[in-house]
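The following pair of complexes shares a single chain, subunit A, combined with subunit B in the former and subunit C in the latter.
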Partner chain A sequence: MTAIISAVNVTKRYGEVLGLNGFSAEIGPGITALVGPNGAGKSTLFRLLIGQLRPDGGSLTVLDRPAWGSVGAHREIGYCPEGPAVYDWMTGWEFVVYLLRLDGFARAEAERRALDAVQTVGLGTAAHRRMHGYSKGMRQRVKIAQALAHGPRLLLLDEPLNGLDPVGRVELQGLFTRLAGSGHHLLVSSHVLYELERMTEQVVMITNGRVVAEGNLHRLRAALDAHPQSITLRTPDPRRLAHLLAPWPHVTSLEFSGEDVLVVRTRSPDAFYQALPELVTREHLAVRGMSSPDDDLETVFRFLAG
Partner chain B sequence: MSLHPPRYSLAPPTLRPHASRVQVVFWATVRERLGAMNIVLLAFIFTVVLLQIIIPFYFATLVPGLANGPELSFFYLPFASQVWFFFVVLLTASVGAGVIANDLATRSITMYLARPITHLDYLVAKAAAVAVWITIAVVAPTLLGTTIVLALGYVPLPLALQAAGAFLGVGILTIVAFTGLAVLVSSAAPKSAYAAAAIFGLLAGAEIVAFVAWTISGEPAVLYLSVEQDVLATAQAAFHVPGGVLDPTGAAAILIALGAVTFYLAWRRLATIDAVAE
Partner chain C sequence: MREALGRIGVVAYTSWRGSLVGRRGLGLALVAATYPLLVLAIGASRRTDIDLLAASELLYSALFLPVLLLLLCLVLGVSLFRGEIEDDTIVYPVSRSLPRASLVVGKFTGFVVAALMFLVPAALLGAAFGAYLNVDPGVRLEGLEATLLVTTVLATVAYGAFFLLLGLLTRQALVIGLIYGFFWETFVPLLPGPLQDLTLIHYLRAIGGNLVTTGPLGEIGPPVSLATAVGVPLTFALLVLVVSCLYLGRAELRPEASPA
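This part shows the complex of A and B:
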């Protein structure tokens, strides 16, 4: 795998506080999800990658160049920061033009690209209104537009879907996927975890400034084999179902949650999923719903992070 | 609706030179600061300064015994008035406070610094934008007033040129000191309102502290602490006004040093702007 981003033992301190603590990861082409709780070091990593911060230790390269001090490399990176980060007194289109001109584009070219970018993120005619009246989702789209507009190879998107409505999220997820298909590389952070699962299987999990896991999400899931998982069953008679499941050797606990919900914890979800239909059929049970809150990225992260 | 990637290619375009990118930040900042309050303050400053320059020369024409005509020291009146200085400080606080603090508060600075510009480029552009506003307040009305009294025939051309040079010299020292202080405070404050209060407090507070310390101790050297007193000392020398208690060279050096040191500290501060929790 050709590493787009390579971090070896990167450390960043804010006085006594460690922003990154020996962060090491190889991030390859396509879309990579960066997952971690607030304060894990995700935004610090982004700012190190754009050369805004200087690492206190270790080595960090982006597109084969050191992240710190490679001002020219910024042309190949598009960054969408977390937070408001826009000028309310400009229109969305003006803002993108302005930032493109900081990239060195002549006015006419900047205006053309900005128009293309605001259309790309679906801002429509709102792009020509002052951002003072923008919703959070519209601001988010402007930030994504400015990250895309100069045609970077690498997009660093810090919580890019934050504040978008469900339709907007799906639209931008699709856009990110298509951008990856057209040769861009994306590092996307989010704590809305299922959104990342829809876009990529490549994941880097970070907590307390360290990588706790990286690689293919499915392979990481395999690490859960020895970890009890929860399965929620919705049934009108949860007590009878619990009575029937209690003897199963891999079921470790049963918990009633509300009048019609039974939460089962099992050490062997595969065996559970295999055996349950047979039990339901044999005992004429009414199971109206089944879900596994553990069966998502968050659980993997929590488990791996300890 | 389905969104599609932009139509442009990944081929690198022909990019404009480095200086033009700095100019983009500069002009955007000048425009951003074009608020109603700053315009009102500027209008007030122009009115005050023009009146303080024109009126003394007008009355000088009415004095028949003024054998040698008006002197250079007549132009000193705007400096002698606390009103002008007070409003220039207000304008500096109003213009300078948000110039960096707003970018830090909204984190838009991260988008600047993700571009091919350096911390120093950014700071130079921001400082230049502040300096333009302070120049308009400090130099423009004095030069306009000098031009008017020249046009009205109140002063001869050599005297007007001498006065313009003096206004320019003192003005530059003032601009350097005020701009450096403004960008430093703006880069250090979490909100522009705090920065405005700090700029005003530092400039006005230093004047009060210096004056009280001088009154108590009788030691004139403490007046160097006051930016206003430093400006006045250089202005007294420039306009040949007798009676100054401070050495004008020392005062000028302090103003330049204040501008240079505060600018340097602002630059150092920008290099560590991310000393905040996520």
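This part shows the complex of A and C:
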């Protein structure tokens, strides 16, 4: 396998805090998911890859060139940062055109590519509105648009699905899959493993600045499924919901937390998420919120790390 | 080369636009306009005991140059990079294939155009009001316009370059810039001795001493030659810009708040 990104013992410090702590991984062609809890070092890695930060130790190469100092290589890399900040006073289209022109595209070509990009990400007429009025989802779309407008070989997408509604998530997951199918390479990060598994089987799991697991997703999922996952449900009638969930074979425990919160531990979150909507509809239940806490994923990573 | 200049031009244009966005552009226009408005106000009083042209020169030297121009350059110059570093939008231009030095040159160019848009008309209007509203109609500008133009442009270039670098280096750029402007450039020139040779305003004021023969600006007398008076601020600006390019080329650019 030809490595698109090669990291050997990469370290990055912020004062006394270690952002990356001996991170080593080889990331190959296609889509690779980078999964880890908040603060694991995902964004630090992206910033190192794009040359915004310099590694304090180890070696990091992107497309066969050192990540730090290879400004020319940026023409082949598209980066979508995690943070929501954009140039609020510009329209989305102007923003994409500006960045294309920084890459040396002539005005007419930049405008054409920008239009394609904003249409591809589904920004619609909002592309011609000033970004200070954008929702989180619109900001996310315009950030992705500027990342892919110049046709890069490699896309670095840091939590690209944040702030998007479920329909938007599915749309963009489809886009990423199509891009990979047409020869692009993508490194996509998230703290939610399950939203990435629709797109790829290759995953790198990171926590505390280190790789704890990498490789085929199915193998890792088997290991994860051996460790029950917590799902918190907010409902006005947790006891009735618990009574209905108790017979499910993959539910290992049920716990009440407060008047309207039920914490479910399940060995198979996929099966749980698939079956829950039908149960809610059939029994006319009101489920007002659902979440899977990060600290539980942290527990899983610790489990994987032994 | 043409492509490189084109990219710098794109940065310059965007930087210029960004400098004028929202209420900031209006605020800066009002700051610059304080000088001609003051001259206008004095002229409107039609006082026969005031030489309005001399008053306008004095106001230029004592108010416009060390306060209004400096303040405008500080606000605009510091924000060229500091704003984008703090809100993390700097990641967008630095993640492109544009050399970082081109960012410095482009942003500085945009700044100069934006700043001079306000400052040159203000300086020239102040002098024009001073000459044409003067109770004595025989008073002429006698090369004053050229002096004000050259001084304003050089001051903008020199102070702007310095504040651009300050904005790159530290989050405290505004505070340090204020201390530099209103202590070092204002009070140190008043002290006897060679210390004033280390201030920019010493050379900027000397331009008037070389080009104008009458009035407060001419009475400064040429402590330094015209070549030195022009050369020192220009050389200072150039050196500072080179340092800025070298610094940005090797700097990590992230908000200092917390690790990503």
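Going forward, the second predicted complex is superposed on the first by the 222 of 306 C-alpha atoms of A that agree within 3 Å, B and C clash if a C-alpha of one lies under 4 Å from a C-alpha of the other, contacts with A are read in each partner's own complex, and residues count from 1 in each chain.
Criterion: contacts are C-beta pairs under 8 Å (C-beta built on N, C-alpha and C of every residue); 3 or more make two chains touch, one makes a residue touch a chain.
These figures come from a predicted structure and were not determined experimentally.
In this overlay on subunit A, subunit B clashes with subunit C.
In the overlay built on the shared chain, the residue A:248 is in contact with neither subunit B nor subunit C. Judged by the number of subunit A residues each one touches, B leads among subunit B and subunit C.
Once chain A of one complex is fitted onto chain A of the other, the partner contacts of A:149 are limited to subunit B, with no touch recorded for subunit C. When both complexes are overlaid on chain A, the residue A:75 reaches subunit B and subunit C alike.
Overlap of the subunit B and subunit C contact sets on subunit A: residues 14, 17, 19, 43-44, 47, 50-54, 71-72, 74-75, 77, 79, 81-83, 85-87, 89, 98-99, 101-104, 146.
Remark: subunit B residues 1-10, 12-18, 20-21, 24-25, 28, 32, 106-108, 110-118, 271, 273-278 touch subunit A in the complex.
For subunit C in complex with subunit A, the residues that touch the partner chain are 3, 6-7, 10-11, 14, 17-18, 21-22, 87-89, 91-100, 252-254, 258-260. Subunit A meets subunit C in the complex at residues 14, 17, 19, 43-44, 46-47, 50-54, 71-75, 77, 79, 81-83, 85-87, 89, 98-99, 101-104, 146.
Within the complex formed with subunit B, the subunit A residues making contact are 14-15, 17, 19, 38-44, 47, 50-54, 71-72, 74-75, 77-79, 81-87, 89, 98-99, 101-106, 109, 113, 116-117, 120-122, 143, 146, 148-149, 151, 153, 167, 171-172, 174-175, 178-179, 182-184.
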